[in-house]
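Residue numbering begins at 1 within each chain, and the chains themselves are lettered A, B, C and D in the order written.
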Amino acid sequence: MNSKTKITPSNKKVDSSGNIFSFSNSLITNYKSVRNFSKKLSAPLQTEDFVIQSMPDVSPTKWHLAHTTWFFETFILEKFIKNYKPFNHHFKYLFNSYYMLVGERFPRPQRGLLSRPTIKEVFEYRNFVDEKMLELLETGDDEILIEIKKVLEIGINHEQQHQELIVTDIKNVFSLNPLRIKYSDGENVIPKSIPELKWISFDEGIKEIGFNGDEFSFDNESPRHRVFLESFEIANRLMTNSEYLEFIHNGGYNKPELWLSEGWYTKERENWKAPLYWENHKGDWKNFTLNGFKEVNPAEPICHLSYYEADAFARWYGAKLATEAEWETASETVNIKGNFVESGNFHPVPIQEENNENQLLQMFGDVWEWTSSPYVEYPGFKTLEGALGEYNGKFMSNQMVLRGGSCATSLWHIRKTYRNFFPPHSRWQFSGLRLAKIKS
Amino acid sequence: MNSKTKITPSNKKVDSSGNIFSFSNSLITNYKSVRNFSKKLSAPLQTEDFVIQSMPDVSPTKWHLAHTTWFFETFILEKFIKNYKPFNHHFKYLFNSYYMLVGERFPRPQRGLLSRPTIKEVFEYRNFVDEKMLELLETGDDEILIEIKKVLEIGINHEQQHQELIVTDIKNVFSLNPLRIKYSDGENVIPKSIPELKWISFDEGIKEIGFNGDEFSFDNESPRHRVFLESFEIANRLMTNSEYLEFIHNGGYNKPELWLSEGWYTKERENWKAPLYWENHKGDWKNFTLNGFKEVNPAEPICHLSYYEADAFARWYGAKLATEAEWETASETVNIKGNFVESGNFHPVPIQEENNENQLLQMFGDVWEWTSSPYVEYPGFKTLEGALGEYNGKFMSNQMVLRGGSCATSLWHIRKTYRNFFPPHSRWQFSGLRLAKIKS
Amino acid sequence: MNSKTKITPSNKKVDSSGNIFSFSNSLITNYKSVRNFSKKLSAPLQTEDFVIQSMPDVSPTKWHLAHTTWFFETFILEKFIKNYKPFNHHFKYLFNSYYMLVGERFPRPQRGLLSRPTIKEVFEYRNFVDEKMLELLETGDDEILIEIKKVLEIGINHEQQHQELIVTDIKNVFSLNPLRIKYSDGENVIPKSIPELKWISFDEGIKEIGFNGDEFSFDNESPRHRVFLESFEIANRLMTNSEYLEFIHNGGYNKPELWLSEGWYTKERENWKAPLYWENHKGDWKNFTLNGFKEVNPAEPICHLSYYEADAFARWYGAKLATEAEWETASETVNIKGNFVESGNFHPVPIQEENNENQLLQMFGDVWEWTSSPYVEYPGFKTLEGALGEYNGKFMSNQMVLRGGSCATSLWHIRKTYRNFFPPHSRWQFSGLRLAKIKS
Amino acid sequence: MNSKTKITPSNKKVDSSGNIFSFSNSLITNYKSVRNFSKKLSAPLQTEDFVIQSMPDVSPTKWHLAHTTWFFETFILEKFIKNYKPFNHHFKYLFNSYYMLVGERFPRPQRGLLSRPTIKEVFEYRNFVDEKMLELLETGDDEILIEIKKVLEIGINHEQQHQELIVTDIKNVFSLNPLRIKYSDGENVIPKSIPELKWISFDEGIKEIGFNGDEFSFDNESPRHRVFLESFEIANRLMTNSEYLEFIHNGGYNKPELWLSEGWYTKERENWKAPLYWENHKGDWKNFTLNGFKEVNPAEPICHLSYYEADAFARWYGAKLATEAEWETASETVNIKGNFVESGNFHPVPIQEENNENQLLQMFGDVWEWTSSPYVEYPGFKTLEGALGEYNGKFMSNQMVLRGGSCATSLWHIRKTYRNFFPPHSRWQFSGLRLAKIKS
């Protein structure tokens, strides 16, 4: 545990924005912090808000709060407490997400059909499990705690992932409501000035990517391994709404030559004409944000794009998306800092940093950056034993890797080697794009 | 009871079971009663329960409470109060059900995606409209009140219809939840003894059916008109679970010769093997009721059948369902009494009456009785003017008529001429069956 | 014509248009005639045309030719020839349409996925069965022939029904092909002049409808029975394209108050803006016919309407569709004559008759007339025994009755009591409309 | 053109099996050969067979024959012949597959709804275009011929790809027909003996993959570029039916831990229990082949697997699928030979070669080998100009690469660098698997 203080230089995190909670070298403290943060994110919601599932990808907030609790109960309390009596034996079925080896699961698309347990009961469930967890962590002997630690770290990181989903899912839920509900009261952030797009160069050669350290990481980030990269250039910053509007005005959505075939048919079927949450009001583009329904801010990073749109934009621009190896290699030159969930913006913001020559900006936070890399295993990849082996590996088909975290991600959660993944048509995450080029 | 002025003899209502509220000859009293009864039906629910839409046919309780209020606001307050300022201008869109002439409507299958307005706000909306309504009713001059009365009676009956839906819809919502929620604490009612099935005969001839009187009725019950009926016989009572179990055990669900073609394919596609809400536990049939999950009571009227199942059962039995004209003709011989929503059973009950020779039993309440009559207009039918003309007439295709009311219907709402209608595959209403025969 | 013995007066058929084959009092002659006529209808087709199923309602011509043969093989040869060896034992499965009591059936929506048997083999199958049939009919003893006759008449009428489907189905197949294939070379028929719409009156009273005679009829036409009708008026002729164009120009497709609710949603989902097979070319309406792609002829009866459209038109006009009892009662005043399949038009034609005062015109042929009557059983209806009981009765839900036959029906097939039925959304039959009114 | 003789050693093709046609250094000869071979493949078909589309992925044979002709007409005749008059101006629309820059296309899923043009007319179309093509090739001046050659080679290879589809598509069409049609009369090939599975090792290092030569190749095979590979082992031969049966018997289809999540849900939804075309008859596995319905031959390479099944099998075996870079690197050690379409087997056959120590067997022909590589662009990839740029690049999402060709591929078509690609759920191609391992 004390290894937590030993953050590797390349993963150094700078919290410039008054972070809401801080991670200590104590797992107990971290456990409490993360559990509290879920409650904090739920605070703006009315009871009714906790229940809604706006589409199959989305889960009700109530479900996230219960499922993350189920995770600790199933993988720690049931394993390490003798004769553990669960809070409610129905919850094993109701709040299992996709762990087939644990047993049957309530059908995902029907999560929004459950009025019970009530949100009050879910918080009682959380308290019940928290008490048991803390008792276990405070009284367990060292040998057991070493075992628990492995799973506990997963559980903490797991809850952080669901915290991100709480934010993105409630945004989706609110977006469907004509009453234009606000989750938060953030204001549009005014940029100092948007720096010119510059290309940062990297030489060809064998690079190493993937995780190799003592701290926590997910199995899909390992093993660290060698790849050969051609010389490439990567943009110094994210693409902005302003630049994306040019793409739209230039007919980007109507030019088949810019699009992947599946992207084109998805766009046609879904009638996409702009990013998710954008609406055209008499020629002006507005967008629904967690801070309200607002004019599109041209200086903000473009957001809520599918991979197909990011890819079409890149082609239109005469560039490409970075591979995840290119992105990770480039990320070695900067520290982890940015606009994360702790900032309380709940939306990407225009560049606030000074524009240093040849410096990569916005590599972390704001928006997840679509890479051109399908999500596949690293050479020598091994899943965890048992049901936890289902965590990441089984999703390695028809998904693309995203990197860098977003305004809904926790600063304490992200890593340079972190691999997020979504199907190419997904748009409800805070997903944007950075350009790259093979040097010729 | 005697307070209900000018009840035509044939419509006489006998409330044997301690009715919860009583209808006076004062519209104001009736308005208040009905509005209160909606609140009463909502009392057992948790906040989360109000939000769920378990299938497209079902609406969230919250929606029913708001829509019935919208009805008074739209068709009375907006018409009769000068410069009326609506409670919330979004509600016109959100809570319009199907009145196209009123304007656009929020899509029906998405009613369960709205967390806001909260249930608290919906009750504020109800209070707001109630205050305005009572002010209008108490201060309006006679001429206007005559105009208002026509719509008010529709509005009151409309809310009663939605009260029935509140009951059937919340049953559907709860039925999907593995936690087996109870709405009420009713006990199985023990029958004295189930009387033998007897056939009551009616002679051939020209009969009159349809409404003709001074009290309120829906447009689809008019005009009263002549029909020619062959001699027929009708069963003295409803079919019971016990008799339906025989049909099941006899392979009724596997004999194509008993089924309408669409019924067979519906059954196959939906994998029906018993009425809705029945589950087989190791050979025993249990059913989900609003009073909990219970053994199927053999003496109760069979319930939650589709038309297809009722029709197949009748064919298996060697009989048929009555036409609506036969049913209405037969109903002239008895008074309106039975197990209605006011009894608080929220479920059909076994026959409690003494079995008089040649007396029709259970004609009202308990379960809606599927007739073999498609829902079509009576000769000379005229819809109401304007948007209210959309109330009934436009649904006259692919639906079957049901008669007699159910345990979720208000005693004050039903009439002998009352025509309920649902598509033949619908099962979530309290719908059962009575047999008939053409006399040969 | 006079060769058709014992025609009841009310069913008298006048073939003014040079009939292609004639019915004798010999069943053998009739069998041969009908079997030959199927071949005649197939003559204009290329081998490839026989194979296509353009939508689930449509069957490939090849299938019709084989299925009608299967009918004789299954219900006659297999029953009446000892140790009958079928032509191909796979055909029992492949060419059973919907007779569950006969056994499993090849899935209907996949009929167009079968390249084999080839059309050549299907004609061999037809010849094989015809030989056996004729042998049986010529050598069978009287007792057996009486038994056979009952089924043979059904089989002959059954093949006539499929001949109508051959025509309507190949029209649907050809309509999807940009090559604008012609089935026939008919020319637009020029009307003498379209007579003014007049209302023919009928008095109220008890009427008798349904079949009662010695000739063949389907089970669903019986028993003949009494109905009470209010006084009504019925239009002297069919509605024309010209009149329907007024409905279109008057915004008929955009006025929800004219439409049944299901009709409206069907229209919206299917994007109907005119009858089936109509296309708007720069403001001019053209339509695809079996005689080619042509300007809409204003004088022709309107055709290829769904019930929903016919019903909306009637409401727009301030009238209604006749019930089937009204239609049948009115039909007693005229003889059966008109534009049937034997005329070789394969399309409705403008009125050719002299316009006698108070004479019903176009009651038979041209287009099936949607009635406002759902297809239900007559009081005392009995299906045939065994699998043939599945012929008509099991379709008595969610269908509407049509009367009078069309330009694709055989003159020898239609009767005044004949009840055709289709779901209200169906448009690929030659279906049009005649108006009626309740007299007030 | 004369470059064709200069086959690079690594691509050397050995046609041991009496090849049906041979490629010369003359493009004219090759054009004729390929065009003839399409006719040859069509020879066993009846007219009706040419018309059927058994699922959206499948096209009617008629369509393949016309579309390949359209390709030459559109990209050569229309470009290089002044005032070229097309055979039929509808064909531009009817037979365009997916080239959006060429114009609108007839909807793919409806290709089986077209009876016309007839197959006779399609062959006339082919003759018409062939005549024009040969005239152009024989009379064109050198400058133009150089331009034409680029497209002609694509067109020839394009037709070879569609020849493979003719085989796989007609197999799918025939498989649905209960009549068990045979396309060919091949017999099961008896293996000498199936050699033991051996692992061939390759060292880690920078490897080059991708095409770099003078002969024809597709754009997606370029540019040749460097990749870093860990040490790996690859199996000396394909997996057999016998080994796959072990997987089935061991419950492979019921163990979620073996499957990708999407694979599992696909399997459940489609109810897969074995490879495509396998049927269990009382415990014995039979499979539908182009040579008839037969017992599964244990010695044959397993075939008609989805990627999901291949991947699950590999995980069950404790191995993995090779990446495409590993596969291509390994392929450098052997010559191109094997069981291709020219052999006339139309089915994979057991190993016929002598089992040399450390020799890779069956690398080409028999079955396409699923790799673990998603289909993405090589670094520096450039699509062709214009509509032909749509040939390959736009499909680079949600597809996996397959290598090595199959028994339906032409020997003259395959290359070591050749990249085939299909979605992971596809099974109707001849697709099987070879195992690999990362060396530890």
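As a convention for this text, a residue touches a chain if its C-beta (ideal position, glycine included) is under 8 Å from a C-beta of that chain, and two chains touch if they have at least 3 such contacts.
Remember, predicted model here, so these are calculated numbers, not experimental data.
Common neighbours of chain A and chain D (chains touching each): not present.
For chain D, the chain whose average C-alpha position is most distant is B. As a whole-number value, the distance joining the C-alpha centres of chain B and chain D reads 61 Å. Remark: chain B and chain C have CA centroids separated by 39 Å (rounded to whole angstrom). Distance between chain centres (mean CA atoms), chain C to chain D: 48 Å. Residue positions of chain C with contacts to 2 or more other chains are absent. Taken together, the chains touch in the following pairs: A-B, A-D, B-C, C-D.
Touching chain B in their complex are the following residues of chain C: 98, 100-101, 206, 225-228, 230, 256-257, 259-264, 307-308, 372-374, 376-377, 379-380, 389-390, 394-398, 424, 438, 440.
Against chain B, in their complex, chain A makes its touches with residues 46-54, 62, 90, 93-94, 106, 110, 112-119, 173-174, 176-179, 181.
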